[in-house]
Every structure is written in C-alpha cells, then in structure tokens.
C-alpha cells in the first residue's frame, strides 16, 4: 500500500490551527466590514430580496426557526444521523485498519479492493444507496458510516504501521510482556494518529451528510437548505449555510481540543 | 598556476591589499527570559588583509554570534566593526560565509547554487558560466555540476558551499565550524583543500572551530576565547610557513598549551560543578 | 514483507480473492428474485451499450471539462492567496479569518445559495467546483511558505536578494512540495464536487447526471458502470498528477 502514507498525509493537512486567544483585533476587520457592507447593500435596495437578504433578515429567519422549533428539529435530526453513522463507520474503520495493519495476509487480501473503492467519491454511492435503501434514516446513517469508514481505516493503518521498529526493540530489551507492550508503547503511539483520524472522519462525515441531505432527505440541515432554495427563501438557505458551517467548525474545534489534550507528549 | 584566468592581473596571489577587519570594543547582549545576557564582552581584534585567523573556544563563548555580527545578519551590537575602514551595517557580497550545514538550496543543482551567488554582482552574464566552472574546479568538484545537493556527500556539499562563498571574490570569508558535520577522515581532506584554496587566493579568512588542531593547522593566528561572557582570552601566533606540516612539533606543543588553557582555570571549575555525584558502591 | 507473501503473483492472487468472492455472491444473489440487483453479465452489457451509444463518452467529457474548469480557476487563485498570506502578514491578518470561516461550510452547501444567485447552470457549478479547489490549495500553499527554513532565507540575505528574488529562488521552490500537495487535494476535492454538483442539479450531461438518471430509471447496471468509470477516472487523474509531482520534485531525497 505504497500510496497509503502519502494520501493520508494529504488528508491530515486539511486543518490549520490558529489560537483563538491570540487572534488580534485586526483579524475581525474583514469579516465585520463584509457584514456591514452586506447590510448596507441590502438597505439601499441594490439587490432584490430574491437575490440577497440582509444579515438582519438571516438573523430573523434563524430566530423564527428557533422559536418554532424547526431549526432544532433539523439540527437534531442531522446530528443524530451523524452520531450513529459516525460511531458505526469509525469503529468498523478502526477494526478494519487494525486488521490490515497487523496481518500481512489480510492486507494482501483486502487492500486492493479497499483502495479501489476508496477512489469513488462517497457521494457517487448516494444514488445507488437511495435505490436500495430509499431516503429514510438507514440511507443517511449508511452514507455517514461509509464516509467515516475510509479515513478512519487509513488513519488506524498508518498509526499502527507508523510505530517505529526501534520501540519494539526497546520493549524487548526491557522484556515487557504483551499487555505492557500494548499499554505502554502501542496505545500511546497510535492514539494520536487515531484521534486525528477521528477528527478528519468526523468533519468529512458532516460534509457528506449535509450533501446527502441536500440530495435526498425529508429533514435535516441539508434538506432545509434545499427546500429553501426551491421555495426561493434565500434567508432560509443562508441560515442553513451559517448553521452548517458553524456546526462543522465546532466539531473540528472540539475534536482538535480532545486531540491536543490526549497528545500532549508529542512535540510535532 | 592560477585557477582564475579571468582574475585581475594587479592582484598577485601572494599578497592581498584588501580585507582588513577591525573590531573595537564590541559588546553584544541577548534578551533571554526577560534578562539581558552578555554574550560578547569587549572584543578587540585586528585582522590583516590576507590573513587566516582561527577562533577556538568552548561552547557558549559567542564564536558563532561574532561571525553573524561580522557577516551582517545581526546588526544589534555596540562597538565598532569595520572592513577596510567601512562600517559594517548589513550583509554584503564583500563578506562571504560558510556555515556548518552547507545550506545549499536543495532544489537547485550544484552549478545553479553557485551561479546564484553571482546574481546580484555586476559580473557580465556571459562570463558567469566560466567563473562558476572555475570555482567548481577550484574545489575539485568537476563532473558534479548537475548533481542535486542530496546526491552529494557531506564533504562534497561543504566544498560546494565554499565555492559558492568564494565565487563573489569576497574581501573577507567567514567560516562557522565548516567541518564540524564531517567525519574525521573527510575533515582532514577538506582542511587540506581549504589550505590550498587560501594559499591560492589569499583572501582574508576568519574561521571558527572547536577543533584546536584544525585551528592551528590552518591559522596564522589562533584566538582563544573564554565563555560567559565571550571574551578573548589569548592570541597565539603560529609562525610557520604554509603549506603546514601536521607533524610539526611546534603545532603539537601549541595544541597542548591551548588545550590546557581551555580545560583549566575558571572553565574547569565550572565543568566540575556540573558533574553529577553518584553514591559510590562498595568494593566487593 | 515476509516470505511467500512477497512474491508478486501470490500477492496479486490473494488480492483478487475478495473481488472474486463478491462477484460470485453477486451473481448468486441475482439469480434470486431481487429486482433491483443486476447480474454481472448485465453490467457488461450495459457498458457495451453505453459505449456504443456514445453517451458514456459524452458524459465523461462533460464532467472532465467541468472539473478542470473549476480547478483551473480555484487552484491558481488558492495558491496565490496562500503564498501571499504566507509572505505578507497584513494579508494573512485580513484575509485569513474570513477565508477560514468560509471554509467551514460544506462545499456543496453553497450550491443552493449559488443556485439562487446565479441560476442553475454551468457557471454556478464551475464556481462551486472552483471553491472546492481553492481552499486546499490555499491552506497548503500558506503552510508551504510558512515552513521555509530560516537558514535558507539567511543565505538569501547574504546574497543580497531583493523580494522578487527571494520569492522566486527561495520561497516558491521551498514551498513547492506542500503547494503540490495542496493541488493534489484540490484535484480530489474538485472531482468530488463535480460529481456532487452534477448529482444535485441532475440536468445536462455528465457522469453525476448519468448516475442520477440511472437511479430514477432504477437501472443498477448503468449506475454501476458509471460508478466504475468515475472511480477509474479519479484514480487516473491522481496517478498522472503524482508522476508530474515526482518529476517536479526531482531534487528531493527519495524518502517515500
């Protein structure tokens, strides 16, 4: 699996950390200026309401939907699918990744198939899955599970394969038993990679879920946006954009926080 | 035989007319953890044109800092630094430097790396290729022009770095532990090369090293520095003709003297304080 | 790799076991009554049919055109933005937070919005695809410039480089590995975005459209062909770029 490490490295580099505490005031200038311009542009009637709705309009839409409980329902549905699908997919991915990392035979048998399937964008599976599963919950959960599966398997594989040989030798010199080997060396060594994999899987799964809901669903953030588009309710669409972005951001931050807490011994 | 057929005829290889370095009352401090730490204290040195000066001392005596100040990468100091009377205010192609890590650009070939040094000189483009080839020959790397740095051995890469530093014909060449990353055998070889190059060119060279033998072998004078803060402790004149003979008794005597000095006195006391005392075991 | 597993023919054979089993199972299942399953033979026939009618070719070209259009806009812009942000702090300060905020929104979530603004058409799709290519290019180019080692910049200072020379001879080449990583990611993401937008809009021609139509027509055989073609194309593009990357980065010590 020569492509493995390389491609995973690519996946791992999607994030950039900048510390919230150290954000200088100047970094808020551009977003705030944009917001101000936006509001102004709408007030002057430059754009008809079908095209652009002022931030105040979006805020109102959000407030309305929260009051009616609609927003909570959509968010709740989406998050629920995310959770169930992610747990299933991530666990399966971890098991699979660990298996092919630890067994040469398993790797030889499964990795070609795995690699090939990985080439297909998850989203391409959606129509096929709709055919089999309809647009109910199982379909959405399955999509999330598949989207979580691949990055997780890769991360686990890399994590386990990445443990330097030298460390096993050190364990031998100090005559550690298997249990101690796992607890003291393997686990701490692989946990960072696995946590990173979980983060990447989670954020990927969220993106894929929203996309799947856009395509075929009866509730959820994605579906909310699509309905808004069809009914020309741009404030709803924008509200959906903001909410989905916010959730994605929070998921990413939260995962990073967990990662940093657990990986404190690492320097890189 | 001059490796510089293009060189100006008025500069005979046995004497240099430029490259006089004057250091007066040089002080340098760093801010470490909120406190000012004196790294260099009252450095006074006059380097004659064409001279080869070695600087030795324990870690922490500010040798590398001194070189960075002279080359102009650091301009925060008090005192006077002058080259041929002109104050040193920033980097200049008149002052070249070779670092311990060769710092050749990995994405360029040997040739391209060396030619890059000529970018901001007013050497006519037509002549550049020739000059580069001459310098590659000077360091005995002919044939490796199209090699990438990762394909060169440590010693070769360092020679290439020397060529790059020399191609601008600087008045002063600085060397910051240039052979520190090389194995002992390669080091001897490159030392010989360095001596040969210097004898041919006679540009002023100031070399920092932790290897006392190397300092004595190459240098006309050896500056011995002591740390905390960095001060010039002693200047040793090496009155031997070039090329030097490694077996020379004078060299060995001087080496013993310098080593004794470096490991005695205040330095040694400090070193002793740093020792960890283990509980002694009973003799069985 | 130990012993007998290292021999290539053995490895290849083992690798084929799983697909072979899958196909066998598939074939066995379709001899039962499940209507939506299509036997392997039918897929072969569907492939021939699509090739013959020229539909497959037309859709493939459409998708490729769209993907590359988006990439050609998004990637260079992303690299330029990332490099600018890496070199000049003020640019980073102003653009940075804004771009990072925008990045959080799932790419495909922009489509309904863009659809309302610009109408559902080719241009909108290309814009969304361009955005998918923009962000990874920007992120990685920024990281690439930021990680250029100080010691090389020192050499530039000693050789009296001006800003343009510094960018051309030091910053860009040193950042190139990460910039190319960014473009590799951009390739992948824009491919996904292309299929995604085609699925969503469902009109015109393209592989995603074909998939969507196959779903409506309940033709699993066609869908499988299109999925296979999508996968193969994605893989091929990736491989081609990898070769390109290898030749551009010839100067790197071969580590992987």
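Per-chain residue numbering starts at 1, and chain names A, B and C are given in the order in which the chains are listed.
As a working rule, contacts are C-beta pairs under 8 Å (C-beta built on N, C-alpha and C of every residue); 3 or more make two chains touch, one makes a residue touch a chain.
By chain, UniProt protein names: A = ABC transmembrane type-1 domain-containing protein; B = ABC transporter domain-containing protein.
Computed from a predicted model, the values in this text were never measured in an experiment.
Student: With one step meaning two chains touch, work out the least steps from chain A to chain B.
Tutor: Contact-graph shortest path, chain A to chain B, evaluates to 2.
Student: Based on C-beta pairs in contact, work out which chain pair has the most and send it over.
Tutor: Counting C-beta pairs in contact for each chain pair, the top pair is A-C.
Student: What whole-number Å value describes the gap between the mean CA coordinates of chain B and chain C?
Tutor: 50
Student: Just how far, in Å, is the C-alpha centre of chain C from the one of chain A?
Tutor: Distance between chain centres, rounded to whole Å: 17 Å.
Student: Would you pick out the residues of chain B that each touch at least 2 other chains?
Tutor: In chain B, nothing touches at least two other chains.
Student: Note which residues of chain C are touching chain A in the complex, please.
Tutor: That would be residues 1-2, 5, 10-11, 14-19, 22, 36, 93-98, 100-102, 104-113, 115-117, 136, 139-140, 142-143, 178, 181-182, 184-185, 188, 191-192, 195-196, 199-200, 208, 211-212, 214-215, 218, 220, 223-224, 226-227, 230-232, 234-235, 238, 256 of chain C.
Student: Can you tell me which positions in chain C touch chain B when the two form their complex?
Tutor: Against chain B, chain C makes touches at 151-152, 154-155, 157-161, 165, 169-170, 173-174, 176, 250-253.
Student: Touching residues of chain A toward chain C in the complex: what are they?
Tutor: Within the complex, chain A touches chain C at residues 2, 5-6, 9-10, 13-14, 16, 18, 23-24, 26-31, 34, 50-52, 104-105, 108-113, 116-117, 119-128, 130-132, 206-207, 210-211, 214-215, 222, 225-226, 228-229, 232, 234, 237-238, 240-242, 244-246, 248-249, 252.
Student: Using the touch rule from the top, collect the residues of chain B that touch chain C in their complex.
Tutor: My answer: residues 71-73, 91-93, 96-97, 99, 101, 103, 105-108, 116-117, 119-120, 148-150.
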